[in-house]
Amino acid sequence: MTTAVDTTVFTDLESEVRSYSRSWPAVFASASGSWLRDESGRDYLDFFAGAGALNYGHNNPVLKRALIDYLAMDGITHGLDMHTVAKRRFLETFRQLVLAPRGLDYKVQFPGPTGTNAVEAALKLARKVTGRESIVNFTGAFHGMTLGSLSVSGNATKRAGAGVPLVHTTPMPFDNYFDGETPDFHWFERVLDDAGSGLNRPAGVIVETVQGEGGVNVARAEWLRGLADLCASRDILLIVDDVQMGCGRTGPFFSFEVAGITPDIVTLSKSIGGYGMPMAVTLFKPELDVWSPGEHNGTFRGNNPAFVTATAALEHYWSDDALQRSTLRKGRRIEEIFANLSDSFDGVGCRGRGMVQGLVFDDPGKAVKVCGLAYDDGLLAETSGPSDEVVKLLPPLTVTDAELDHGLSILAEATAKVCA
Amino acid sequence: MTTAVDTTVFTDLESEVRSYSRSWPAVFASASGSWLRDESGRDYLDFFAGAGALNYGHNNPVLKRALIDYLAMDGITHGLDMHTVAKRRFLETFRQLVLAPRGLDYKVQFPGPTGTNAVEAALKLARKVTGRESIVNFTGAFHGMTLGSLSVSGNATKRAGAGVPLVHTTPMPFDNYFDGETPDFHWFERVLDDAGSGLNRPAGVIVETVQGEGGVNVARAEWLRGLADLCASRDILLIVDDVQMGCGRTGPFFSFEVAGITPDIVTLSKSIGGYGMPMAVTLFKPELDVWSPGEHNGTFRGNNPAFVTATAALEHYWSDDALQRSTLRKGRRIEEIFANLSDSFDGVGCRGRGMVQGLVFDDPGKAVKVCGLAYDDGLLAETSGPSDEVVKLLPPLTVTDAELDHGLSILAEATAKVCA
Amino acid sequence: MTTAVDTTVFTDLESEVRSYSRSWPAVFASASGSWLRDESGRDYLDFFAGAGALNYGHNNPVLKRALIDYLAMDGITHGLDMHTVAKRRFLETFRQLVLAPRGLDYKVQFPGPTGTNAVEAALKLARKVTGRESIVNFTGAFHGMTLGSLSVSGNATKRAGAGVPLVHTTPMPFDNYFDGETPDFHWFERVLDDAGSGLNRPAGVIVETVQGEGGVNVARAEWLRGLADLCASRDILLIVDDVQMGCGRTGPFFSFEVAGITPDIVTLSKSIGGYGMPMAVTLFKPELDVWSPGEHNGTFRGNNPAFVTATAALEHYWSDDALQRSTLRKGRRIEEIFANLSDSFDGVGCRGRGMVQGLVFDDPGKAVKVCGLAYDDGLLAETSGPSDEVVKLLPPLTVTDAELDHGLSILAEATAKVCA
Amino acid sequence: MTTAVDTTVFTDLESEVRSYSRSWPAVFASASGSWLRDESGRDYLDFFAGAGALNYGHNNPVLKRALIDYLAMDGITHGLDMHTVAKRRFLETFRQLVLAPRGLDYKVQFPGPTGTNAVEAALKLARKVTGRESIVNFTGAFHGMTLGSLSVSGNATKRAGAGVPLVHTTPMPFDNYFDGETPDFHWFERVLDDAGSGLNRPAGVIVETVQGEGGVNVARAEWLRGLADLCASRDILLIVDDVQMGCGRTGPFFSFEVAGITPDIVTLSKSIGGYGMPMAVTLFKPELDVWSPGEHNGTFRGNNPAFVTATAALEHYWSDDALQRSTLRKGRRIEEIFANLSDSFDGVGCRGRGMVQGLVFDDPGKAVKVCGLAYDDGLLAETSGPSDEVVKLLPPLTVTDAELDHGLSILAEATAKVCA
């Protein structure tokens, strides 16, 4: 027997723009690790993890300890862009555990605490450095909802929400857009080099190595290298938006490491704060640091509690390669199950890298049904892709093997029901 | 004897875009109420209060208790836009203590956790509702740094940072721009009604009731009423950006209450979360709620810890009118001191409302010097205005009378030194 | 008894965009001097003169002779931008009779044969020279219908026809927009000099000295001087669009001569060819001639028959000041009659300069009626202004005194009928 | 012995933007048929023909007679958009000889007398009809130099001249852009149908059937049919810009006839007036005629002398198929010679349709040299293509066989010299 859920205030007072609460109508009360609990006490295994903002799980106890201690001792909460002890520790730790071991010489900007802030700063900087306005983005891209980020995103409905024409951007085909029928950058390289093509010469290219919102589209390492080479040889800045795929989602800390490239600009947000609290950084090569003081700012660019949990997360998870190895191992486990499902049922495919994995249905309606059945069985998983045709998995990287298998078995069952 | 401050990692690793840390180079470690403490143990009275994000002071103990309890019991930290107990409590409390008593029938959108997210959502909505692209903003405006918000902001340097021409907006004179020489809306009304004026008919008008960044420019109540009437009669949406001036900064919860108007759309951020944690809302009349589900989103739009502290702040400070009365009283105290300074020294004026007050110097250099001397004496106060000619005070609303007097005496002394 | 006019092919085949033919449905067959004759043999006195393209009257015999001789001897008709004898003669004559006597050191560009081509070239050049995108235009402006020119025009209906938001321009109040209530450039100068105003710093300002389409709005000489000073002191280029008001319409060859200013860029078209054939020039100070070869072009930029008639017109009419004097004299005659009408009837005013004169009706419907009655009596005169409230007279400069009086008496009678 | 050419006034007074006069420095005095004569009496065979504006040759005697007669009898010269006898005759003749025989039911707009006017009107109309802003154009396109037309043109240098970012357009690959490696519309169709592609849904597509400026790039009939089908099935308007390729250049009156398609909108200019005088029309399906009266206008949209020569040209050349047949025959003659050259010399290719033919050099410098040598031998021929790598032939359609052979032999000799 379930208690009827009281959601009156949400339907009465909250805007129609609310979204996830429609698919998952429970009222959630608490959370821990891979699990959410609703107010009636029911538990849900979370394979969405804050859309990638909770790589270390909900209320990770290591980070929680650091956070509560910091709050308890009245550490700075709101610091604008002032020097703080917490920011210094974050910067030092980030340099020591992330940048230095990877040979990355980046300056760090705190552009405001969300992914779209980081992207807006990246686009501004690319334009300022080059003196050009145009940006090349890719089919299937998603980079955020403020006007600059939205202009480089692909989803037609979200673009229409801008209410003004979104300009200064030209989409190019993402990797595999034509399933290998055409050479990489066949079109992009040609129009770049043809002075009569009508392409506005771009300041930069913005790319996700794996497109999450776009439907778990995975760029191959050689494609990324080709893109980096193309940008370098034409004096175009390469921006990797690692907001969702960074912080270990694909295995290594940065998702582009697998390709051996060094982007000119990198954005991070979502899991960088570790504990699901707003934080973002924009990284760029030192020679690109042409900002004037305060030329970009934001009230919450110094969210110090997030610096504290970010530091704790780096120390705990990135001092060695254990997390990376377990992520790759668990990723292979998901791939295996998904491959089985793909083999067992017509019209089902799969793709992914590390712990972002998609189960792809030829019939988009089936993906939605699978997620609906999964929710009924206590599993949160979201669809993505232009037609919601992909069940996208983003479990916490800290999910246990048992939890993973449990969640995958729910999905397998749901798939069987839907595809039988 | 002071220990030399080690700021190496900031100068080495953080981008040149950092700003406040240049004027206030201390490394801050902890904070409480109206005070910041640096790592050497030195205390600073904070009359800037997170640019208005800390109306209830640093690490307010009432909110801190609620926050730590919530974290300790593993309340939801990251909730996207799912239903949560914390969000329900916030919505119910906001309705009961803020909307209902003021007769405001607004829908609430969580557009992402920062002021610029709230403004971007407001602009999108105004454009979607009206089918028009253009927005009228005002001289001296500041609304944020993402591309949409920046396009309605006035500061030429920040605008230049966009790297693309900022279009779809036309500035109109803010109240008192001509010191009463011309009737209110002389120009605006005329070009609106002249079908040959070349003004693109606006979807909406965005206005701050007091322009903080613009130099503490105060709109009179009658001007705001005139603006609301003008918008209503021409079918243009009125957006009040109350990110900095809302949450009691000018006395009442909303800064527009003094004018007796009901804007079509209102943005709140900064102090809405209470504890300096990122949170924002966009409010609008129910008939404007034409959003499709998910048409605007953002990873951190459900920052539940901020919902918790927001709720606690509302309950503690907005259940009666004590805070409002004390804000107005303290505001008058600042005005009194500032009026004295203005009387005593040539080239010094003052303006403000409630607890946002500006000391205005004919010679901009003097405002900068006053803030510099104040910092040396342990007081944080910022300049604003197009030429940094205004010392802008935004003390916590919870500042004690003694603290207020202490800070004002530092400022008075600094002013005397600079103007003597 | 009139033969029914056969206009079938026009209504069947020509687009709904046709306009003048709706007010003046006659089918015109021939023309001479100030007169048009329709195919039924009825004569119409033409006080519209091709919207200012026929300052020397229809089929002026002097120019006709030159033109037919040129065609007969197989002079170059179509010359792109090649050197031709006809172009050389035009350039030499233009320098000798127009530029040199006025001390004007301008380079000449043939930007394509219409006014809007000349304006587009002017805007491009101003942007290229300054590296800025924004242009300031004026309320009531009209500069043409291609996208660049339309963006600096005021009429809301025509702007809407663009189908894209018209941006990069900001309208400022034209002279007398507030009937002298505010100082000249009160708003413009202030927002230019306020770094927080939100005005995009303009590349140039484009202005008509008398706004024809806008309703015969006349800029005073001191206002034009003030504008030139403002532009010069802020490093903004001043573009005078003399397409309609140049070539003697206001008396002197250039309409800005009365103000003693030297614009940075000047556009001419309409009557520059003399005979109503398409021709245009863009003039600019030599130091602004930063064009690359072919950077702006157009198939008909070398309309050599128009060079021939242009040269003949300059030689015949601009070798002495007879035309200028007669224009001013006839202008005064119109003013006198219009002043009488204005004195005689309530709600009627007048304004103008030289031979562009407007009879202004408080009730716009009356202006339309007056033009309708005039047409019935064999006079062509058009309304202008945002509400079509102005009867605008642009008679050929070569109109005889008798013709002028005849036409004015028709107008006086019509006004009397409509206003009695 | 040659007289030194006096070009002082051109170099002194005319803008640096002048272009053809740099390659062909002669001062031309008269012209007849396929020949230009300079002031020293030297004759030049003209295989450029006013960039396609002189399909019937220079000063064609049939048209000249009609024109001089019209001028002599004081026919209307300048008619705005009033009904005139000359316009009626043109419309009736155009319907009878052009539209009706081809089963085309088009409305006719006179948008101003140049190609770019016609294109601007077409773009406005497509946007108004669909309510969308975006236009798809093609690599290598050229449509004109005013802001709207320039935004759909490809040449990077000309685009840069705009001085503002050119937006609202996305280039797609023209036919053969990848030499058949990819299926037609591989990329275009895919991004149109992918709701996540980021392509702004276009109002219309603008295309040349043969790109003249772009380097004589010929679209195959099946590609044009595919494009028409794609547009029709996606509710996108197809605009064929036939400014250069219409009026018989490729054989039939309209260049798209070969494909059996009916574009939604067609632009004509250049040779439509017949005699090299400015004239243009925009044609569109009746259901698209949503213009309001005067919503688009232009002073010279009623260039009546051009209506007269246009009518005479239609009557003389388009009452039967003789011209079309001779054009195709002469085109084959050029192809034959070009094919020989291509066979004889490495790095030389050829392409074209009807009487627009290109000789393509792998080494762009050689094309320039060939044209230079040809000029020395009394032949005018221009290069085109993004790198000026194509010798483009546009002889008058009325060129005699002997003239054609003479010109081709000059070119063959020049090619031999350059490629030997």
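Chains here go by letter, A, B, C and D, matching the order in which they are written, and residues are numbered from 1 within each.
Quick note on the criterion: contacts are C-beta pairs under 8 Å (C-beta built on N, C-alpha and C of every residue); 3 or more make two chains touch, one makes a residue touch a chain.
No experiment lies behind these values; they were computed from the predicted model shown.
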A-B or B-C - the one linked by more C-beta pairs in contact: A-B
Most distant chain from chain C by Cα centroid: A
Centroid spacing, where centroids are CA-atom means, of chain A and chain B in whole angstrom: 30
For chain B paired with chain C, centre-to-centre distance based on mean C-alpha positions, whole Å: 50
Multi-chain contact residues (two or more partners), chain D: 133, 157, 164-165, 168
Complex contacts: residues of chain A adjacent to chain D: 133-134, 137-141, 152-157, 159, 165-171, 173, 177-178, 181-182, 186-187, 190-191, 194-201, 214-215, 385-387
Residues of chain D that touch chain C when the two form their complex: 5-7, 9-10, 13-22, 24-32, 36, 39, 50-54, 58-59, 64, 67-68, 71-85, 87-88, 91-92, 95, 107-110, 112-117, 120, 123-124, 126-128, 133, 144-149, 151, 157-158, 161-165, 168, 203, 243, 269-270, 275-278, 282, 284, 289-300, 303, 305
Chain D residues touching chain B - in the complex, by the definition given at the top: 164-165
